[in-house]
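The following blocks contain the structures, represented as structure tokens.
Here come two complexes built around chain A, the first alongside chain B, the second alongside chain C.
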Partner chain A sequence: MDFTTMSAGRLADAVNKGELEARDTVEKILGKIEAVNSKLNIFSSMAGENALEQAAAIDNKIKNGICLPLAGVPLVIKDDLIYKALPTSFGSQLFKAFIAPFSATVVEKMAAAGAVIIGKTNIDNMGIGSTTLNSPLGPTLNPCDTARVAGSAGAAALKSDICSLALESDSGGASRHGASNCGVFGLLPSAGMVSRHGLSMHCGSFGRVGIAARFMEDLPVAFKIISGYDSRDTATAAFNNQNKSREKDDNISALTIGFPEAVFNLLDQTHLNIFLKLIEKIKEAGLKVTEVDLNHLPEAVRAYQVIASAEASSTLSRFDGIRFGAAVEADELEELYCKTRRATFGIETIRRSVFGTYLLSKGGHDRYYRKALQVWKMVREEFRRGYEKCDLLLMPAVGMLPPLAEDRLSFIDLYENDLFTAPVSMGGNPVLTLPAGNIEGLPVGVQLVAPYMNDQFLLSTALRLDPLMATNHQVFSEGGK
Partner chain B sequence: MNGEGNEELLKAAAVIKIELNSAEMEQLKKDFSLYMKWLEPLLGLDCNNFDPLLFNDQELNVMRKDQAEQSILQEVQSCAANFEEGYYLVPPIIE
Partner chain C sequence: MEYEVVIGLEVHVELLTESKLFCSCPNRFASEPNVNTCPGCLGFPGVLPQLNEAAVKKALSAALALQCEIALFSYFDRKNYFYPDLSKGYQISQFHVPIGSKGYLDIEDDRGVSKRVRIGRVHMEEDAGKLIHGPAGDVSLVDYNRAGVPLIEVVTEPDLRSPGEARRYLEKLKGILQYARVSDCKMEEGSLRCDANISLRPLGSKTLGSKTELKNMNSFKAVEKSLEYEIKRQKKILNNNQEVVSQTLRWEENSQKTLVMRGKLQAHDYRCFVDPELTPIELTAAEVEAARKVLPEMAEARALRFVTTFDLPGYDAALLTVSRSLADYFEDCLQYYNNPKKISNWIMGELTAKLNTAGIEADCCKFKPQYMAELLQLLDDDLISGHLAKEILDQSFLNGKSPRQIMDEENLTQITDQSALEAIIRRTIEAHPDSVEKYRDGKTKVLGFLVGQVMKETTGKANPKLVNEMLIEMLGN
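Right after this comes the complex of A and B.
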């Protein structure tokens, strides 16, 4: 049996039934993981022998009659989620040798469900960015075109068939860019639906934990495992809203899909063609489609950047070599702070720390920061009004091809690349990223966005839309290759 | 960028305590200028009808009960570079 052709659910079923041993699957992965990693630069650390031990423990549980929903399912976790068996770098030399004394709640939950942690995936310095171009380890390359970045190393691992699931994080769009760029499926649950205990964040207002998979059908299973109240994270929702359902659930043709009319002005022709062909296909399938007023996406991405930079400047101030992280040798205290931070902060992290400090200062606060908080409220209102006209929103995930690894874009271009993802972050809505087509052989995804806390509705609807999208993935090609 | 903005940027750079050489500082000034220009559409937007939003969560926080739980202090101490008699040892910060 080859796990690469099986969903995580099917693999766990085979392990639970004794048709497959978790250890065999992990051994096969370890046999090719080095070659894949040397080509794509996916991992910041690999579990190796520890993964075999985890798998053997799972096999023992199965032999003792215990069934696990993710028995033997290979999992990678982004390197801003702490895991007590592997180092957590947060993309910085500051934490080079840091091994956390406990694991993040989501990591604990996935391990308890039988997942085998294969390794921790590459991340931008301090989690700032949506490309891994800011990682001290260098960018993770796209399995579909190694001249370009993957966006998320977890998505690259999934596309390379070395895992079945990836635990991700996302503030402005990193996990969604990755899923779109690599042609895999990603779920970012509602803000407050999944515990962030053990997640290192530069931006607490927007940082969320998500999950990515090679098969759409695996996302509801993983969502059920990672979601729910956590007493260690008081920002998780206290009620269990997983089973929230709506009357229209069983009748997909009664659904209305909205899309922002602004896409006509904001997308280039190739990306717009993919998007419009998908809209046509949805209409042909009997669903209603309507345009929705989300007219402030360009302002929203700017407001997101202002808030994210302001929060980063505050959040990262504790990383000074005294309170957190390894200090650089220095004669005086001031020198220690300055040298430690210089040695461990990347260029983009420095940029956001300086800009963020300015934005929170007397000169910047009223002019930019307060305005950004008002735009945040305005965007939230626009989403709310949008859902008065539709059940789900369909939005592009990206407006450009994944950046080339060598030809560095300007930081403004990279901020602009969050044009369709950052506004969704500001809404706190649950969002699925699904493959929708390809341009020049590179996958392009779309976001399906549901009202706040309608995660289960989103997943059940997407499961029925998935065959439609999968067909499109074959049909809607733009450009050569 | 005007002189006032330049001065504000220099202040911000000093506050965050990062060693920057003159070439890096010059680049930062250029980047800041681009950033301010990029933010201009935000300034022209009429948001007077919207109060500033402060939290993304739309549910109320639920605090856990104030109960003692099993401590992981020993494991946490293992992360410290130096730990002695109940104290974390760090470089002196009062000179």
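Right after this comes the complex of A and C.
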């Protein structure tokens, strides 16, 4: 039995039934992980022997009659999520050996569910970016075209068959770019659904934990495990108030899918063709389709950038070399701050810290920061009005091919690449990234966005929509549990 | 020229909670550095703040006790600056919307006339850690035990007109916050800290002069002294037709002077913005009313109750209610002994003097209310004299033993055995024939002297009443 042909759910089934040992899967992965990693640059740290120990412990539990929902499922974790058994680098050279004294809630939940942690995946410095081009280790390459970036190392790991699930983080679109670029499935649950305790965020307003999988049917299982109230993240109080959520609609053809009219202006022809083809397929399946007014996507992504930079300048102040991690030696306090922070941060983080400091200071606050907050409010309102006309929103995930690893795109170009993802972050909506087609052999995904807190509805609908949308990937949804 | 003094105070008060404002670390003084810390209050990445509900309740009580309007919707902001004792690089504080605003407190001005001091705002915030500098000045260490301890800041409008008013305001504020069980307000332990803004203006002028901010005063007296010093300094400058430089000054207790800490140009831009990691504080009108109802009785109301319920003189009631702990002490005594006036006499006569000398509050006193009751009972039962009672109180105050135990151990029982006293009285009569003669001549005043002599002989242990009776009888023979 080979885990690469199985969904995480089926793999766990086999392990729970004793048909397969967790250790077997991990050994297979360890057998090829080095080769994959040297080709794609996926990991910032690998569990190695420790993964085998985790697997053996799970096999032991199964032998003692314990049943685990993710028994033996190989998992990778983005390196801004803290796991105390491995270093957490936050994408910083200075933190490559940093071991935090606790683990993120989601990591603990996944481990308790029987998942085996294979390693920590490469991230942009401080989690800032959607490309890994800001990583001190260099970018993670796309398994579908190694000249280009993957966007998310977790997605690259999934596409390379060295894990079944990936824990992701996403503020402006990182996890969705990754899923789109690599042709895997990603879920970013509603803000407040999943605890962010143990996630180092540069931007608390938009930072969220996500999950990615090779199979659509694994997302509801993983969602159930990672979601829930956690007193250590007060935003999860929202989890207890989700009475508004629709469960599912049996009559799928009664649903209306909306899409932003703006795509006609904002997408290039190749991306637009893929998007419109998908719309046609949805119509053919009997669903209604309608255009909605999301007219401020460009303004939204710029407001996102202002708010995210402002927050980063404050939130990342804690990296001062005094209490945790390594510090650069210095004679004076000021010098200690400067040297340590320069060694901790990459150029993009420094740029945002400087920019953000200005945006919050007397000159910038009223002129930019407050305006950005107003745009944020306006964007939420546009989404709310959009859902008066439809049940779910379909949006592009990306408007361009993944950047070339050797590309020297300007930071502004990279900011603008979040055009379709950052506005969704601002709404706090649950969003699925699904493969929709490909351009020059490179996968392109779409975002299926539900009203806030309608995560269950989104998942159950997507399970039935997935076969319709499938283009270049295998479909296992009919076997879903 | 005649000047008017304009003073405003900013007071930081530590809240009496079990845990810190945003994590579950104990809010407790510890001599060992960094024992009351966790990744949260140390500012580790990946840890989110969790608001302590008890702290919000304390802050609400404080705002209500200070007659504030309560914001039903308030939130926390970040005040950004780098300093090693600030673990996150920002302080979480209520900058834009304080939980309480537009309150007031009444004090007496220098002529003894009641005046109202407006309180602009009462807001919540977290404390920072402490820097400890090495003796050689070559090393600085940080203790984060205090980082994240819940504080409220109480800010007055510029309504105070003299250092004396400032002191009386602080005393009144301390009393109210203690009564409301918000804080223990111990300035010497840092649970109450005060900064003062002061400016002078020509008498009659409506515009404010340029002000200086005074910091580092560690007692109410230091606040008063530093203000007096600063008035003199500013007067001198103004009288020379110069301008007072707007700056922050540091009070130096040793030299009794203010020194420049930082000028206006070094003033921070704190870049305040709403903390995105915390949800707003939402209170309902019903919750605020409920908090108002359970607000503990304040000093004036309590004094009035002492007069009406316990039939105490107003003077006694006022003295007993000066501090909440003393009034509590009094009421605790009543649980064990039912003579309010007698308790009051002993508290005012003996106990308060001892508390003042020792510099402690009644709740920290080893001579517990039960002991006061026991002591008064021993007196009632004629087992000890008043003189012995004072001696027992002295000892109990120091060693915390019960009055009965002290009486037994130290053999301080009153001599009530007539036969034992008879020999002593006889000896006294024989030793003072002159006095005896005077007495028999009708100068009965001399009896007191003779009683005193007997008491002296018995080292105060004789029952004075009995000695009195026996002397009269024996002298009559």
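Basically, the second predicted complex is superposed on the first by the 455 of 481 C-alpha atoms of A that agree within 3 Å, B and C clash if a C-alpha of one lies under 4 Å from a C-alpha of the other, contacts with A are read in each partner's own complex, and residues count from 1 in each chain.
Just so it is clear, contacts are C-beta pairs under 8 Å (C-beta built on N, C-alpha and C of every residue); 3 or more make two chains touch, one makes a residue touch a chain.
All values derive from a computational prediction rather than experimental measurement.
A.B. asks: Looking only at chain A, is it chain B or chain C that touches more of its residues?
C.D. replies: The larger set of chain A residues in touch belongs to B.
A.B. asks: Considering only the touch criterion stated at the top, classify A:Ser205 as touching first (chain B), second (chain C), both, or neither.
C.D. replies: It touches chain B and chain C both.
A.B. asks: With both complexes overlaid on chain A, does A:Gly138 touch chain B (first), chain C (second), both or neither?
C.D. replies: It touches nothing on chain B or chain C.
A.B. asks: Regarding the shared-chain residue A:Ala235, is it in contact with chain B (first), chain C (second), both, or neither?
C.D. replies: Both partners, chain B and chain C.
A.B. asks: Going by the contact rule set out at the top, does A:Phe102 touch chain B (first), chain C (second), both, or neither?
C.D. replies: Both: A:Phe102 reaches chain B and chain C.
A.B. asks: Touching A:Gly286, do we find chain B (first), chain C (second), both, or neither?
C.D. replies: Neither partner.
A.B. asks: One more residue to check, A:Pro467. First (chain B), second (chain C), both or neither?
C.D. replies: neither
A.B. asks: Have a look at where A:Phe90 lands relative to chain B and chain C in the superposition and call it first, second, both or neither.
C.D. replies: second
A.B. asks: Quick one: classify A:Tyr368 as touching chain B (first), chain C (second), both or neither.
C.D. replies: first
A.B. asks: Looking at A:Ile322 after the superposition, I want to know if it touches chain B, chain C, both of them or none. Which is it: first, second, both, neither?
C.D. replies: Touch partners of A:Ile322: chain B and chain C.
A.B. asks: Where on chain A do chain B and chain C both make contact?
C.D. replies: In chain A, residues 100-102, 205, 231-232, 234-235, 237, 313, 317, 320, 322, 333, 337, 357, 361 are touched by chain B and also by chain C.
A.B. asks: Note which residues of chain B are touching chain A in the complex, please.
C.D. replies: Per the touch definition, chain B meets chain A at residues 4-5, 8-9, 11-13, 15-20, 28, 31-32, 34-35, 38-39, 41-43, 45, 47, 50-64, 72, 75-76, 78-79, 81, 90-93, 95.
A.B. asks: Note which residues of chain A are touching chain C in the complex, please.
C.D. replies: 80-82, 88, 90, 100-102, 104, 196-201, 203-205, 231-235, 237, 310-311, 313-314, 316-320, 322-324, 333, 337, 357, 360-362, 365, 369
A.B. asks: Quick one: in the complex, what on chain A touches chain B?
C.D. replies: Counting only chain A, the residues touching chain B are 98-102, 191-192, 205-206, 229, 231-232, 234-235, 237-239, 296, 298-299, 302-303, 305-306, 313, 317, 320, 322, 326-327, 332-334, 336-339, 341-342, 345, 350-351, 353-355, 357-358, 361, 363-364, 367-368, 370-378, 380-381, 410-412, 415, 426, 428, 452-453.
A.B. asks: Over in the complex, which chain C residues touch chain A? Could you list them?
C.D. replies: Residues 39, 42-51, 78, 80, 82, 84, 87-90, 140, 142, 144, 269, 271-273, 275-279 of chain C touch chain A in their complex.
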